[in-house]
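Here's the structure, in structure tokens; my notes come after.
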Amino acid sequence: MTESIAAVPVERPAAAHWLLQLRRAFNANATSWVGLVVFLVIVALALLAPLIAPYDPLDQDIISRLEGPSAAHWFGTDSYGRDTLSRLLWGARLSLVIGSVSILSAMLIGGTIGIVSGYVGGKFDLVVMQAMDVLLSFPSLIMGLMVVAMLGPSMGNLIIAIALTAIAPFARIARAPTIAVKERDYIEACRALGYSDLRIMAVHILPNIMAEILVMGSLWLATAIRTEASLSFIGLGVRPPVATWGGMIREGFENILDSAWLSIFPSLAILLVVFSLNMLGDGLRDAIDPKLRGGE
Amino acid sequence: MPEPMLEVAGLRKFFEVKRGFPRATTVTVRALDGISFTVGAGQSFGLVGESGCGKSTAGRAVLRLIEPDEGRVAFKGEDVLAAGKERLRALRRKMQIVFQDPYASLNPRRMIGKALTEPMRVHGVGAPGERVARAELLLAEVGLPKNAMTRYPHEFSGGQRQRIGIARALTLEPELIVADEPVSALDVSIQSQILLLLQGLQERRRLSFIFISHDLGVVRYFCQSMAVMYLGRIVETGPIPAIFKEPLHPYTKMLRDASPVPDPTRKVAMLRIEGEVPSAVNPPAGCHFHTRCPHAMEICRKAYPEWTPLGDGRGVACHLHKV
Amino acid sequence: MSAATEAPLLELDGLVTEFRTGGAWHAALRGVSFALARNETLALVGESGCGKSVTALSIMGLLPPANSRIAAGRIRFAGRDLVGLSEEAMRKLRGNEISMIFQEPMTSLNPVLTVGFQVAESLRYHRGMEGQAARRAALELLDQVKIPAAAQRFDDYPHQFSGGMRQRVMIAMALACRPKLLLADEPTTALDVTIQAQVLALLAELKSAYGMAMIFITHNLGVVASIADRVAVMYAGAIVETAAVDELFARPTHPYTEALLRTIPRVDEDSAGLAAIPGQVPPLSAMPPGCRFAPRCALREAECEATDPALAPLPAAADHRVRCRVRAPATAAPRHA
Amino acid sequence: MIGYIVKRLLLAVPTLWAVLTIVFVLARVLPGDPAQTILGDQATQEALVAMRHRLGTDKPIAEQYADFLANAVRGRWGDSLVTGKPVLEEVGKVLPYSIDLTVSAIVLGALIGVPLGTWSALHRNAAFDYIARLGSLLGLSFPAFVSAIMLLLAFAIELRWFPVIGAGGSGPWERLRAITLPTVNLGIIMAAYVTRVTRSSMLEVLGEDYIRTARAKGVPSRVILWRHALRNALIPVVTVVGLYLGILIGNSVLTEIVFNRSGLGKLIVSALDQRDYTVLQGMMVVYAFAIVLVNLLTDLTYGFIDPRIKRQ
């Protein structure tokens, strides 16, 4: 061929690597930035809790119990006279650890199930998805409730319980785009070139659905933190006296008629974390969703 | 006739599809209903027909991208359908595919250089340095600059992507390429660029092609012989000049006369035959084409016409042409 | 025919339509002008991105308002300028005096409404027809576009029809109010050739029966030869050549038209030398100065890359106009955009 | 249609069987001996053996499993270990409260969410759209017990418009007053979901070719919205309402606790507290059944909205 093509015109800015795809999604959406910054601030506060918490979260002070917000106790004290702010900071660590570990495991397990099931297809897919449907036919909070009740309330068990509720959703989240990608010609080209199934799934399908899974991960992290708080509120969280947000709200709720702030501050904390994660994930999802963007 | 590169005999593929609400019924799509053809070495064989006739399924069944139910595919005498995993991998180096849609045929998250060296890596061809050099040579061969290696697919136009797709198919030095409507998605001026490119490659590399297309003009230009498919079966086959000069099957003639020609003195035959086109789900009894055939006879409604070889590589399945 | 002496039904004058991409406005149409007589079929032909669909959507007033605008020019239809007409006034024209059919029959019909209902709808909003009267009229239309057993299929949904049949439904819908002008945007591109031939026949037949003018948009020069009275070849947002259909195919004069005709492998004869046009259509945001085709043109001269020529009549045939300073040099007065 | 429903219900049998099996396994691994739970710590060995015999927990596990399945199918879910009343009766007593609450929450959620989402889509990127998007995002960020506590604080404790606890007295007015805050709590969270789905689905539909066709026909934009767009846009909304039921059930547990309203949620929490495993079993089956039923309803709704599914 004598003809040479000197300039390669760029048709449409589409991100190539999934990391670039995510970065571009961020730039397309101011709310994701706000969400990310707020979330990172919360993470930093949680990490620094041992340094910045004004009091030990477990220190009881019978003299100053159920005090309202003051200069000494910005967010007041609970019925044992413990400092609410310190308990909030320490509680954040717990919520974030339980949420992220459980969602990462669910992402790994559910994602793998979804990719393999979608890629293999046929009867295998049918059976696997039927099994996922069985898991999904338990309302997630109820399932968490049962599992924690069965295993006993500890941090590890909470992680297991929450991960279990998220595996089936992640299997579905990963399966749908896998099936869409599988239909594309370049996967057929891979097969025609004699690539192994494992290579096709890991090298050719995964990078194409990675951004989508991570974005859904941030939204599910929000759900996981909410679920952990809900379980603690019901009384199935990490056992007292450890500070958990849900548990703090539960204690506050018992004194709601006279000390409303006790439940209000942890409530706002949960709301802030969940809202920031939702802002982060939702904006990214809009930017990544091919339906709203118009094709690859 | 040169020695055959590929022989296909009695290839069959039925799909089961569930349809309907509230009560789903299973219907059988007779995508390939026993087709046979031969591709000579260094030849281009056109597979022609309208949407749903099974031509793409045929191309994929030959490569076992779709497993056929029945039939025989022999590549240089070797049985493709009987090949085990390892043999099949070896055969894949010899038989490749080029796709219609240049926007779907490249992995958007994979750099062109990776896409071109990966097949060699998987098949253990050459040292890493050599692979890059060979990929660059391939790019030059399809008319793209070296710097394309470090770019991603979205940085290229449709025509350029099609060139990359062709380069990828060439990485393993195949002898047969299934080209599935390789120019249909392209603009007219780009179409001819790609056709010329393929033609040059064929001459230089002595490639054989199964060229799948709905465009008779393109097939006439590119191929030496062709088969016309209708609802999962081949209705006519033969050398290009003979078929275009005198199509024997009424469907071939209809296709030819309906294809528009850039000449106002030869307007397309305005077909008077109306009505729904039958589908491969439920092909009409007898000759599948009888519902639209201007020459339909009583027998056409009852019996599917037998395949009639006519010499010179021609053959037809039509009651009008019984020997 | 007295069509030539009558006032044209549609007249585009220097139409400039712009799209906004990346914060800047880019012209998708750069001064498109043509006139269309009653009963005439004009084929707009060109490759993707040349502006042929944008022309039709500009006439219909169906451009997406968020990122497009008509920046200059006039669209005179039956004595009225459509540019700047209110949305309500345009709505009363659409489907009534000007109709349009689209390329994708599979997605152009509403999947949750019956075919009969969708055909009757134009009658309802433009003719005030309701109930049985609308049903009867719509049924008659479905008969006219030769839908077999139309009465039984009236209450069927689009997914129960094949592509060709859906395109017939689209045609019935477009013709319901006997429009004066039909815009057909690649109406046969998605169809198989034998179905394409049927639909082309139907369009030609209905056009003369209804006495409409038609703008037929296509990239297929073969289809143009079959259906058009007159042809306008578009490239990069402008008409580069226009002539009567016989004249254009007999004497293609613009280097683009000429090259395009030589890129088509023909069904009816052996194509000895297929030619390729090198390079590709430039994107909207990076149009070359001067003649837009110059970078790909075999006849390119230095001056071509500096000056954008105007559409000028050939000395031999006044009705054959070409935008090329090499091929139509006599009138190639320099004009800077 | 009836044939289809029967077939769909038959298809749900394997799901229900799997659910029952999981429930059985869970109940057996739950810590604590049911006999001990019933008789208390001071029970004699003889009494325990007798009780185990009565409960059937002394039989081989396979036999227990078979009994369990057979009884579950016949609606004999045993007696509550705490109250001694049949589980079916215990569940039946509170079920109407939960159904009342769930249905009214769904209705409220759809009534707010669909118009809000549609309006938001029509004014894409306008101020209203941003507010609606951010507002709905905030709405679905609320853990149901947090929003419930805030509603309780504001409207029951501060303003005293509504009772602080309970499902109310006997009169319809009292019942309405008692259900209002829980409904608002669940309905608003649901409305947030519905708004978002309606918006994105509406945006997608408005970009479809057939909407352009309708405009090209000269159909007034009001008619395009209601007749051409909305019905298509509602198809994904139905899916979300179906999927949302799982979340709704969880949220209603939390809501019932905060408002101290009787219902399945309160029942399951107290059953967990007291290790009343027969009640737990029964409730798991009820929940699973509800979800299977709603999936069926969702599918049937598709059939009515989308003719592509209805006929072939």
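Just so it is clear, A, B, C and D label the chains in written order, and each chain counts residues from 1 on its own.
Throughout what follows, a residue touches a chain if its C-beta (ideal position, glycine included) is under 8 Å from a C-beta of that chain, and two chains touch if they have at least 3 such contacts.
Values in this document were obtained by computation on a predicted structure and should not be read as measured data.
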*With one step meaning two chains touch, work out the least steps from chain B to chain C.*
1
*Taking contacts as defined above, which has more of them, A-D or C-D?*
A-D
*Euclidean distance of C-alpha centroids - chain A vs chain D, Å*: 22
*Determine the centre-to-centre distance between chain C and chain D, using the mean Cα coordinates as centres, and give it in whole Å.*
54
*Where the CA atoms of chain B average out and where those of chain D average out, how many Å apart are those spots?*
53
*Would you pick out the residues of chain A that each touch at least 2 other chains?*
3, 5, 9, 11
*Two or more partner chains touched - positions in chain B*: 157, 193
*Can you list the chain C residues in contact with two or more other chains?*
276, 278, 280
_For the complex, give me every residue of chain D touching chain C._
208-210, 212-221, 223, 227-228, 231-232, 305-308, 311
_Interfacial residue positions of chain C with respect to chain D in the complex_ = 60, 62, 91-96, 99-100, 102, 104, 107-114, 121-122, 125-126, 157, 159-160, 170, 173-174
*Taking the complex as given, what residues does chain B use to touch chain A?*
60, 63, 65, 88-89, 92-93, 95-97, 99-101, 103-111, 118-119, 122-123, 140-145, 147-148, 151-157, 160, 165, 168-169, 171-172, 193, 197, 200
*asked:* If we count contacts the way the header does, which residues on chain B are in touch with chain C in the complex?
replied: 50-51, 157, 159, 187-193, 195-196, 214-218, 220-222, 241, 244, 254-277, 292
_Complex contact set, residues of chain A against chain D_ = 31, 130-131, 133-134, 136-142, 145-146, 149-150, 152, 222, 226, 229-230, 233-236, 249, 253, 256-257, 260, 263-264, 267, 270-271, 274-275, 278-279, 282, 289, 291-292
